[in-house]
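Next come the structures, one after another.
The following pair of complexes shares a single chain, chain A, combined with chain B in the former and chain C in the latter.
Let's turn to the complex of A and B:
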């Protein structure tokens, strides 16, 4: 191994690591706010990439049918809940506008925009939008009804959602993989090695997303509300932050981050309907390194996973996955020695 | 009203009577999961098959094993125990088929695999008495590749393949074939079907600076190292295996596929074969039927067609020796399959023996080059 190969491997590792980092952040966020270990995070990645591939072909991503079906179910759930509480008429209208009209608008936008074969940038926005819209609906349908359950119940629900979404992915996108075109074909010379424009995009956009999240959580009211919920659920509720609203908003952010990662990874590798799971799992290992609570540690852990994976594929390609996933054992050991064990507070 | 009831009763009676003598064929295919692009055309092919053989009704019972070894074994057990099948066809891929060998042999049910590895029918394993297969052995294809390499002046070879039974099988065959041809293997790399990045492996291959690289992988995941090699500026020849001979691979690999070589069954390019080749007519018949209903041809569908063709050869004799559903019938079917001679399929000509449960010769392979997204026969 010479310096050039080491640099190339580092570049590859960082590119994947940046994507894992986005997913790790989403996982930490979802866990902090809702206590859900969000297994289906990877599905958003696959949906994002494959929706973009569908738009590239001028086809309407079939996820809009999922979106519409989920919108109808969520609206019914919401209306029933409102009826039980004998809510005011205005609440019904808001519920229909929020849970039915808004997703339907997204679906309609995709329906009309898809055959136009817009520029790549617009297609990327549409693909992300279509997947993001699934996030809050997923919370309303799958998680909100059991939101008070134990972490284990929530995990089981998350696993179920993963299987349902995986099956849907197969139905919507077929068993075959797709690649999306790169944002740029540019290649730059950097100290003797080729750096692809696409990987620069991945670094830049990931850094922007992480910076944007940091800004949103520290500066905006909604961000602060999420942070408050993550910090102390009961306390947040006492000061008037709806946990359901926080949960739905969190899953929206998680879906957006997932779709975003999908769009970024699409040109780098062939994405299959079930590719997301493994990518999400590596993000999860990164998040575990951060103990599922620390954002910077999770991001650093995810970058580390990317790098280890890259070097492992060079030195011992047959043991690559083993090496990556074995890493979780010393981390867990270290964490269990370092932190005092405390009973789950409920 | 009364007549309707009578009709229902009669139909039910007729069904139950005929069900006793039906030939039940259990099929397990990888129609979802990583090998789906292989399994789906196979499944389509079963829809084209006749529903009777030698006057007996045939039930094709098709299950999906999701490219998963455990599921394939479960399916096989289910087909044998619940559906009382007379013969098992499948699975699509090597790891699944290898795992099914034990189950089929234990139940003394003949099995025809549609997976590539020669280990499935290894005559050294007594269990393979019950196992047959239709796709070309890796060794036949490896010889074709190495022959082509030798003719084109390749001296050193880089190898990158699946980290599973498919890749291991190919690596073994290539080591044997290259040693005989005086080609050295300069690098051996492994990757997984689901890997997002193969940069590490590809850099190592490029550093080895071999004249050619062989990618021992199947389906669209084979495009991952292929595209990476091109993106990193590899200038040597790229060889693929016959595992990629389908349209989805061409779609995913795109322009990067141009100029690469692969061995294949003759079915894929049957139009380019000389008229004197007996395979041309059989392949034209199958491909015509397939393309009329499902669009583009796939060699994997051809393996399924050939498996059914072998069955159609063996069943008439076996029917004379026993009733479908009995042990005697299954044993006779097995003997019939082993006795197949000069049976022309879409992929080659089958002549089985006790030690060769595939029975192909060099008529079962051709070398192709990918030119502008088309398969072109290498003369």
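Let's turn to the complex of A and C:
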């Protein structure tokens, strides 16, 4: 291996790592706020990439049917809950507006905008929007009814949701993979090393997204509410932050980050309906290296995974996954020897 | 005991006998297809049973069980087909390999809480799956064929109907052994691992070691299932050992529920039938094949867990006759710790103890001693650092500086379970009982260090003698603190004041030389406080030394021999209760400037 190749692999590794980092952040956030180890995060990635591919062909992403179906179910659940509480009429109207009308508007937008073959930038926005809208609905339907359950029950529900969304992915997008066009074909020379514009895009946009999240969590009211919930669920509840609201908002952010990652990864590799799982898993591994609590550590762990994967695929491509997942064990050993742990679970 | 008791116990267990009878005659009466199904249910039950213990009871989630099944299956497949070894020998090799891997994974992850075991097991499960598929000589993703049939005493188990009996004999033996294990000394400790680790360690349980044992136990069960699978199918490929399969095992364990070993069978049955039905009927119903099975399957799991978060076993148990457990029969006493009479020599010495949390100094250069046979009170206003001091003594928190000596030996720096072994037992300010477990079992956990039976003895029910002694002792201690009527109640159902008293009984069951009581009288009514004071005096009369943290001044003044007063982490005063009451500094700390 010469320096050229090493640099190329590093570039690849960092590109994938940046995407894993976005997913790791989403996973840390969802876990901190809702205690759910959010296995279906990978499906958002696949949905994002494949929706964009559909829009590229001028087709309506079939996920809008899922969106509409979920909107109807969520609205019914919400109305029943309101009726049990004997809520005021205004609450019913808000519920219908939020849970039924808003997702329906998103679906309608996709329906009418898809055949227009808008510019790539608009298509990216539409793809991300269509997936993001699934986030809060998923929370309302699948997670909110068990939100008080143990971490284990939440995990199993998340795994089941992963199965459902994976199956839907095959149904909507078929078994063939898709590759979306690169945002740019530009190539730059940096000290004798070729750097693709696409990877610079990924770095820049990931950094921007991470910076944006940081800003949102430290500066905006809703961001602070989420942080408060993550820090102390009971305390947040006492100061008036509804855990259900926080959960739905968190899943919205997670879905957006997932779709965003999908859009970024689409030009790099062919995405299949089930590709998201391994991608999400690697993000999860990064998050775990960060202990599922620290955002910078999670991001660093994700970058590390990207690099390991890239070099492993060069040396022993057949054993790429084996190497990536086995190398975690020494990392865990190091963490285990470093921390003297003592805490009560749950 | 009435003469009819044994027979009625037999009769009350009719659901178990009925199940066993049905299992025994099934292969003779049901069609081949159902025999196959039952075989798989048996194989899955073995794996789910280990997970029920590991995940459901001990709270450690593993995504690697299918990989352990794979180790068992591939070990025998490789060694029998390539080297012609006997399947019984390859079972042993598979078990050894599984044990080595499980111990390594356990060592790496189980000392930490939370998500490290799931991650490590996902990682190793995926790695092994790809290894099976890519290593040369293992047949790739198409697999290995030509695995010989098992034979027992020269009888070849070639037919599924015959293999059935081997599978279910092993599965039922595992169910019986695991049931016994859960109901033993180690079983009580395992039930404490989920959420009560601190408490368990204070009574001598080495949490990380116990978690490793449970992980190993579950892995070995999975390995046996894999060995059986390979010889039933006579063919292996990587697919049944993938992460997806591990996830299905988790579904079985969680859907079944953790309350009872039969939960594993219920979970395995339900998931197997559900998949079978969906794969069979959905395509007919919808007129096309596709991913509908997995979608409907996922939705059903979500709905099921939303309706029954604790799994199906509690629902099934509600339909069955309830057994009221008998009070423990009298049994010989356990060995008692030799305690010297009140000699007045120092038993516990705290020397310049300091504890800093970041910049906050919770305990600052505190020194005091407790003499053999006395009741020493540690008092002070809220936030004075009393409970922190308590945790420093019992080893729950490490000291920043200073030294704690017990019986002339330095104990600071030792793990809580090692300190417990030296004769310290404590209660907790925030009650730490295992809510679903009976008062009797909670108290019996206190005697963890007084008997020695391990996993093998417990599984084979060879610990009956020890158990009878422990249970009788626990019952005696519970009666002693006045809760004899609540012996079999779930500890969590008692009012808080009584739960504190259960904590005292549990500490007494440990037969300590020094009893550490953290606010034992909080939440008790006046008469109950009087009874508690009498009990403590009586214990002191029997030679026990007691360190008491308390808020209730009347309670403390009438009971203790000496008092140490803390304020802002420091010692404010020390002396006889009467002197302390007159001490101006103490009055100021409690009542503000006079």
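Simple rule for what comes next: the second predicted complex is superposed on the first by the 331 of 346 C-alpha atoms of A that agree within 3 Å, B and C clash if a C-alpha of one lies under 4 Å from a C-alpha of the other, contacts with A are read in each partner's own complex, and residues count from 1 in each chain.
The definition used in the following text is that contacts are C-beta pairs under 8 Å (C-beta built on N, C-alpha and C of every residue); 3 or more make two chains touch, one makes a residue touch a chain.
Being a predicted model, the structure only gives us computed values, none of them experimental.
**Q** Mind working out whether A:170 is in touch with chain B, chain C, both or neither, as first, second, both or neither?
**A** So A:170 meets both chain B and chain C here.
**Q** For A:179, using the defined touch cut-off, is the partner it touches chain B, chain C, both, or neither? Pick first, second, both or neither.
**A** In the superposed model, A:179 contacts chain B only, not chain C.
**Q** Taking the superposition as given, does A:312 touch the first partner, chain B, the second, chain C, both, or neither?
**A** Only chain B; A:312 stays clear of chain C.
**Q** If you stack the two complexes on chain A, which partner ends up touching A:9: first (chain B), second (chain C), both, or neither?
**A** It touches chain B, and chain C stays clear.
**Q** Once the structures are superposed on A, label A:113 by its partner contacts, choosing first (chain B), second (chain C), both or neither.
**A** Neither partner.
**Q** Does the superposition put A:281 against chain B (first), chain C (second), both, or neither?
**A** second
**Q** After lining up the shared chain so the two structures overlap, which partner does A:321 touch, if you call chain B first and chain C second: first, second, both or neither?
**A** Once the two structures are laid over each other on A, A:321 reaches both partners.
**Q** Tell me which partner A:156 touches in the superposition: chain B (first), chain C (second), both or neither.
**A** second
**Q** Which chain, chain B or chain C, is in touch with more residues of chain A?
**A** On the superposition, C touches more of the residues of chain A.
**Q** List the residues of chain A that touch chain B in one complex and chain C in the other.
**A** Comparing the two interfaces on chain A, one with chain B and one with chain C, the shared residues are 170, 318, 321.
**Q** What does chain C use to touch chain A in their complex?
**A** Interface residues on chain C, with respect to chain A: 55-56, 59, 61, 105, 107-109, 111-116, 118-120, 122-124, 126-127, 130-131, 134, 194-198, 247, 250-251, 254, 290-295, 297-299, 301-302, 305-306, 309, 396.
**Q** Considering only the defined contacts, which chain A positions touch chain C in the complex?
**A** 37, 142, 145-146, 149-150, 152-153, 155-157, 159-164, 166-168, 170-171, 281, 284-285, 288, 292, 318-319, 321-322, 325-326, 328-329, 332-333, 335-336, 339, 341-346
**Q** What residues of chain A sit close enough to touch chain B in their complex?
**A** 5, 8-9, 12, 15-16, 170, 174-179, 196, 265, 268-270, 272, 274-275, 278-279, 309-315, 317-318, 320-321
**Q** Which stretch or stretches of chain B touch chain A in the complex?
**A** 31-34, 36-37, 40, 163, 189-192, 194-201, 203-204, 207, 220-221, 223-224, 231, 248, 252, 254
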